[in-house]
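In the two complexes that follow, subunit A is the common piece, with subunit B as its partner first and subunit C second.
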Partner chain A sequence: MIPNRKNSSWIGASLERREDRRLLKGRGRFADDVSLPRMGYVALLPSPYANARIKKIDLKAAQALSGVYLVVTGAQFVKTVGPMPTRSNAPVVQYCIAVDRVRHVGEPVAAVVAVNRYIAEDAVELIEVEYEEYDPVVDPMASIKATGNGVLHPDVGSNVVHKSEHSWGPLSQNLKKAAHIVTENFRWNRVAPQPIETCAAVADFNPAGEYFTIWSNMSQQSIIGGNLAISLGVQETQVNYHLCDVGGSFGGKAGLFHVPMIAAGLARLAKRPVKYVEDRMEHMANGNQNGSDRIYTASLSLDSDGRFTAVIFDVIDDFGAYFMINTGSHGNSLAQATGPYDIPALGYNLKCVLTNKVQQAPYRGFGGEVANFVLERLVDAAAKKMNWDPIDLRRRNFITKDNFPYRIPNGNIYDSGDYEKVLEKALMAADLPYWESKKKSAIQKGKRIGWGISTVNERSVLSMTEFWFLDKSPRFPQTSSPESVQIRIASNGRAVVTIYAPHWGNSPETMAVQLVAETLGMHPDHIEVNYGSTENGMISKGPVGSRYTVMLAGAIAGACKKLKDRIFTFAAHMLEVEKNELVIRDEVVSSAFSSGSSLTFAEISRFAHNFRLEFPAGEEYASGLIAQYTYDHPLTTSPNPDTNDLGIFYPIVGHACHIAIVEVDEITLQTKFLKYVAVHDAGTIVNPKAVAGQIRGGIAQGIGTALYERVYYDDQGQLLTVTLADYAIPTSLEIPDIVIDHVETPSPYTEYGIKGCGEGGRLAAMPAIAAAIDNAFKDKGLFIRELPVTPSFLYDNLHIDD
Partner chain B sequence: MKYDVKMKVNGDLVEEQVTSRMLLSDFIRDVLGLTGTHIGCEHGVCGSCTIKIDGVTNRACLIFAVQANGADISTIEGLSNEDGSMSILQELFSKHQALQCGFCTPGILLAAQEFIDGPGVTVDRETVREVISGNLCRCTGYETIVDAVVEAAALKIEGEL
Partner chain C sequence: MKPPNFQYKRPFSIDEALAIIDNCKDLDVRIIAGGQSLIPMMNFRVAVPEVLVDLGAIQGLTTIQKDSDFLYIGAMATATSVMQSDLILRNAPLIPLAYEHVAHPTIRNRGTLGGNLCHCDPASEMPMVMSVLQAKLIVASTRGVRCISAKDFFKDLYTTALEPDEILTQIRVPFASHSTRFAFEEISLRKGDYAIVGIAGSIETKQGSCKNLRIGLCGVSNVVACFDQFSDLTQGCRVENIPTEKIIERVRSQINFESTASVSAAYRKYATEGLIRRVVDRLRG
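And now, the complex of A and B:
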């Protein structure tokens, strides 16, 4: 139930999405839909080895094939396209086509441009490569000690690319005083976003002005554009980057740039437009589509009343072959490392290691989901050990609603919340006594019923400091994460909103329409939305870290304020009244005092566009009605260089309680859901159906992570999950209907009190599901430390515990 | 070696020459320029390339264009009403927000429409889940898709569609 908002007309309304009509008619524009005259198609030759030196490449046969325009090796390509941009603090250099060494299976070693993809793939088959194989380094623990050719990047000197230890608050004192300490080991396996659309780019190079035009489905175009330019060896003003509809990203398309870079570099070399679309295998083996891969030892200390006093995470994270995202996903884990609980002390010891696997990239949660899982599992472990009720234990430790803003030990703050209320609603909807009462009769039918709960925070509105604040001397300590908008009132009175971040399954156009409708008092049908390319663009960070709606709302508020002032300036003159007595209602401007005279937006705009001489001289009457605004992050502060205070970096914090009720078949050990309840507090909700959609989609991915999905590499570094048949993302048969409810605790720091909600569904799902399966096998003492909980995993674990 | 192919696509007659190995999915997208049919895997797993051949849904990535010689094909571009307005099923997808990124949507719409038009149409949610279980969607969690299809099925059964 959404509380009534007396004064809002459009915020809180479940409008149909503006994005949907074209998509439903098959008239979206995805990157692969772009086609240019003379366009060539790219195919890449992938490395079959995880760790090898490239000795020799023979391109002759491939070059001789009819229909082939260009064949290049990495060594040739790097002469025109430099290393990829990276946030890595350690000297980890990555080329989009490998130069002298391959570091994971699927890494490209040569590229072909041909008249079509079929011939390009024929040519790839004809390329001869001689490799000198090295022993692959696959196990992260072994990687730490590797020497010689086992060191992936000799310039770093070892495979450990980051090592740091941190403590905040009275950590050692609290541990010493603790009445209980629970310590557990966890293994968080690699999973992957796997959007149904792979990464793709079409690029054109115009030698006049050496100008690149790129269409791609990678996000964050204002940042990608500049970084691409550096690698392409041109100025950023020589690259125009167009946004496309994006067939899902979930973080995976947030900015690892080899796809547009390969297309752009090859377009320049081949002297023709070029299209590169990953096939599914490339997406899996080289698409940077793997999330966190972590080994944990974690401890939670409690006093004798069951109050948490400290939490410590010892983490080893296997980043794969490169380190483009630096420690960003651990910064992210730290944003809400103490969860919704009042825990005064925090320890975080981190080792980032490289192995011969594809490198990590962001995936919905960006490490925050892993920290949530580990913390929630520790709470459950404590409850189990002390024989406390897991719900009471959580409740006892919640930060109470009068304690916001709340500072967590490392310096980040939580803006607002009411965790108790969320929990109450979830418990009410789940009706646990009913399910408890069903357990006995289920057992007689060979079924075990279990329930599990998670109470987690959802940090939202990413700022940039998390990417580097754990480094002693950060390479590029970026602090800006702005979002921009341009709004104009056309001469017919309709609004046209230009945004600079793509539609990738979120609802940016719908959000823009509703926010402008609310802020300017317009009808949604009178608002159009379009997308600006970088050439015409303002600065934008795009939809990462659950930030876009909040940032867009800020930008729209700023632009609308300017625009209103412009409208009032013209209207005041036309109505012969004072500006400050004007009000807007339903696209009509009138005086709050004198009744009678009023003007529609269309009338004002017609004059503002066409009849300059009706108005006095002076800049304020300049023709047209247009406003631009760039909104910076609402609340970020600088971290201390010695990391004893990380500053405020992720302060817009939502909350969720999930309760999963599962049934596990005693023979097949298959898990299915009897009920799934998700109550979220994402502040003020703009479009309830869209928010519910984000929550459901996140839960579906969470269910995938919890029960089905895992990226498998064998001990030779061969990737075993290379198709969507091997890597099992859930179908409609695995995902239950979800009971969704909301609490709305507005953020005091954002426009309209909105918080982000793009990741919470996934952030909360995994611990609730793990707890539910534990609960189903309570008598066997099951405690899940690793996902996915497949039937064979359960079989092994239940028998081990026996 | 190229082969002549002749087929009806969304009611239009098309005549083209194709190589024997050209996939129907590539033919539809690259030769005919009908980009509403999407390619998600080319392994026959994801269902986003679903089209109708002679009234039956098929995966265009598993069929060669030459195999469709003489066929009557319809794609997402042919799903709307004659006047270009959205079909009831499309409207219901919009109403229920049964899509997010929209990449899987054309395939799911064709699979769902076939079910609505078929003899086994029912409002049973589990049956509907079964019907769309060959189409992967990574965004929605499927529930709103089921909502939309169930509502369309109800209209069909009541004779209002």
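And now, the complex of A and C:
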């Protein structure tokens, strides 16, 4: 039910999600729901080896199988479909079907198009490949020194594809002066988003116009349209890309598009529409969707009063076999590298290495969650070493609320915040004294209770500079990240909003409805939302980097301003008053000064659409009521080429405090949540229920990362986690009820003061959970440096028998 | 993840099913019950049967009955129906106790007890539970019917005593006397996952003294594990005095704990000892 809120009160209302109407009725339209006449189905032959040369491929038996339309090798495919786009610098070339060499298990070697997927898989089994096996390079430390066939891309020359060292602020002075320095090593293991819907595409090629039509759940369509076209060897105006409902992205579907590229390339070769839907094994082994895989040595220095004076991160990141995202996830780590704390100096030394594993892609947090984990662990390590209370230590170092906007040493700024208030709310809700008092009686029952806290920032509204600003000579220094909208008032007075970003399980339609209702003074039921394909589309970056609602709000504000002007132009003439005295209230236009006549949107629009001759000549009275607007990032600046100032690149910064209270069984060493509190400040909230959903979902994934999930490769580069039985995503049975509360500190830079909140749950959860487990084993001096903390991991780190 | 072509047969009686198997002697025939293990194996092309014989249409294979000595569970009874049966709860409470740890409702609604036993996965709870309960398995072929004790039925990893032409039709579970005590404990990473370690225990008590201690383990070794050689430790013992540590030592000495990607051998050993202690403590009352 829509609450009865009148005029300008739709922001802040927990409206039911517009998307749910069709999804709950089973009427969503996903890529796999698209079916075209004569359509063929794709299956791919995956490499069984991590590192090998392809000597020979025999397709004859597969080609001869009845029901098979097409069989191609990578070498054949590459004649019409070029390498995948990459942000890497120098380019690390990646083909969507391997050419000459395979670099990870699961990399496709050949493709089949057949009458159905069953026969396609039968044909795949008939393809014979001769490989020359090379020793796999699995350990990132070994990869750094690898030579010969251990170098994955001989043309790049080394497996170290990026190396840079940076310092901002008085780093060496502050380290020299420090009263204490804590240094710790951390290992951040690979996890993966594993959305319920794998990557999928249906592609059709019309040879008459040399025109591709693609339906896919991958990527940000208006950005990839052009890149996909380049790889397909056509103009971007020869590709139309349709959006579908998506069963989860969590960042993973933002980047790569081998799936639509394979479908499109095969459709052209097979001369028929083609569907390619990854199965779970393909998604796990070749989805190009693993998160960060990092080895850290990190230090935090403090003065004698317990004030942080510098933080320094030494990072080695194992990107897998390719380097599509370049150093983007480290740019992201740098957006809030000093956290919510006033730390004047920052060091960041980075080595990106390649190994024989599937490559990385963005995953909710995109490196920001890793940096948050490391910094929060350092704070806990400092508290432990100096025997300070971890809450007091945080409080002592918070940036205070009158210090915003706050510039961090590398040049990014934080727009606003009130960290103390968030902390107070969280402490109130968690009631730590109560849990402390329960610890003793729990021990008698063989249970250990522990609590942990994290206070982290939630950078939002990304800027593209983070992908390249660490490069010495950036190859494609993109700076645009716009979002667009078109709003039309139909002749019946109702609004139709066209958006250009995909629905990835977030709430773009609900956001559009509420924001237009608020801005235009309309009832939500009178607003429809649809999606533009690329050929009908405006420029859009889509929902990445916790940006979509903020950017959509900006675009909607701009379009509504134009639209209002149009409405007032027509209304002023019809009411015979001046334009500037008109006001809108609940879809009714009237004069603010006279209590005379008024017009509904429906009445105005009926005239604007049908009765041109009732209005004077002139362009301002042109028929129809339609407005388009493209909104650019509200505040970014260019980085300095020598990287001593990265510029403003992630300035809309929320904040969160999570408190986890856990119980660990002494015998099983299983961790269970007794309470979980999450207080977030994401600025002005458009829909509290949707924000709570984002927070809960992010925490669920955070719990997965903290306690359950890990992508395992063995020393031969064989992937051991190829099903959802091996890769343990927590289910609803593992996720506790989460107490959620909000603080609203509006951003001074965005429409309505909204901040992004799509990643916050996962940006905050892991350090709180790790600290809670530490706390449960305080007497044993436990300090978690690696995740997931499975029972076995906990046992091995506690050395109970020693 | 699609299976290659296969023939699909859906007989209406055991005799018809057996006749199909007889007629397909030269082909790879697999019986399908609930399909919760076989279908994924077929989709992964790990199992590639040429003929699939579905027992789902055969009347009478799902009934759960009893007489004065035994519970009779039809091989096609689903996990859910077994788990929720009052007859079983009253007469073999270890079964529903263990089923709490088996998979999830959607899988239990389709998966059958018989299929679960024939799959013979030593990480699975039911083969071990049936061993502890000393169940008997009734199998039929055109050659006749035979009765195999659980101990002899579970041979090895994914290997039972079933001949290629035999079908498991019924599981007979001896009644638990009122003086028999049961306990079950399990650790899995997530609820419903395969056990890292699962332990079942049963012991009979008579006027305070006890006999026939049996301890079953799943998840820790490559065969269905049930230990019953404890009489020297429990002889004449009052149940509350059975020597826990010696029992643990005896079980532990017979297991070779191994590491897997996510579980170290050391933890598995520690957890196994801890759970046996819990199970024995529970049996002691």
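Here is the rule we use: the second predicted complex is superposed on the first by the 791 of 802 C-alpha atoms of A that agree within 3 Å, B and C clash if a C-alpha of one lies under 4 Å from a C-alpha of the other, contacts with A are read in each partner's own complex, and residues count from 1 in each chain.
As a working rule, contacts are C-beta pairs under 8 Å (C-beta built on N, C-alpha and C of every residue); 3 or more make two chains touch, one makes a residue touch a chain.
Every value quoted in this text rests on a predicted model; they were computed, and no experiment measured them.
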item	value
Subunit B versus subunit C as contact partner of A:Asp279, first or second or both or neither	both
Partner chain in contact with A:Gly306 - subunit B first, subunit C second, else both or neither	neither
Partner chain(s) touched by A:Pro48 [first = subunit B, second = subunit C, both, neither]	neither
First, second, both or neither for A:Thr731, with subunit B first and subunit C second	both
Which of subunit B and subunit C A:Pro91 touches, first, second, both or neither	neither
Contacts of A:Tyr712 with subunit B and subunit C, given as first, second, both or neither	second
Subunit C versus subunit B, contacts on subunit A by residue	B
Partner chain in contact with A:Thr790 - subunit B first, subunit C second, else both or neither	second
Partner chain in contact with A:Gly233 - subunit B first, subunit C second, else both or neither	neither
Touching partner for A:Phe30 - first (subunit B), second (subunit C), both, neither	first
Those residues of subunit A which subunit B touches in one complex and subunit C touches in the other	117-118, 279-280, 725, 731, 733
Parts of subunit C lying in touch with subunit A, wherever the complex brings them together	1-5, 44-45, 104, 187, 189-194, 196, 261-264, 266-268, 270-271, 274-275, 277-278
Partner subunit A, residues of subunit B touching it in the complex	19, 21-22, 26, 29-30, 33-43, 45-46, 48, 75-77, 79-80, 86, 90, 93-97, 99-106, 109, 125, 129-130, 132-146
Sites on subunit A touched by subunit C in the complex	117-118, 121-122, 125, 279-281, 666-670, 708, 710, 712, 714, 720-721, 725, 728, 730-731, 733-734, 790-792, 795-796, 800-801
For the subunit A and subunit B complex, residues of the former touching the latter	14, 16-17, 19-21, 23-30, 32-33, 35, 116-118, 193-198, 245-248, 250, 277, 279-280, 503-507, 689-690, 693, 696-697, 699-701, 723-725, 729, 731-733, 735, 737-738
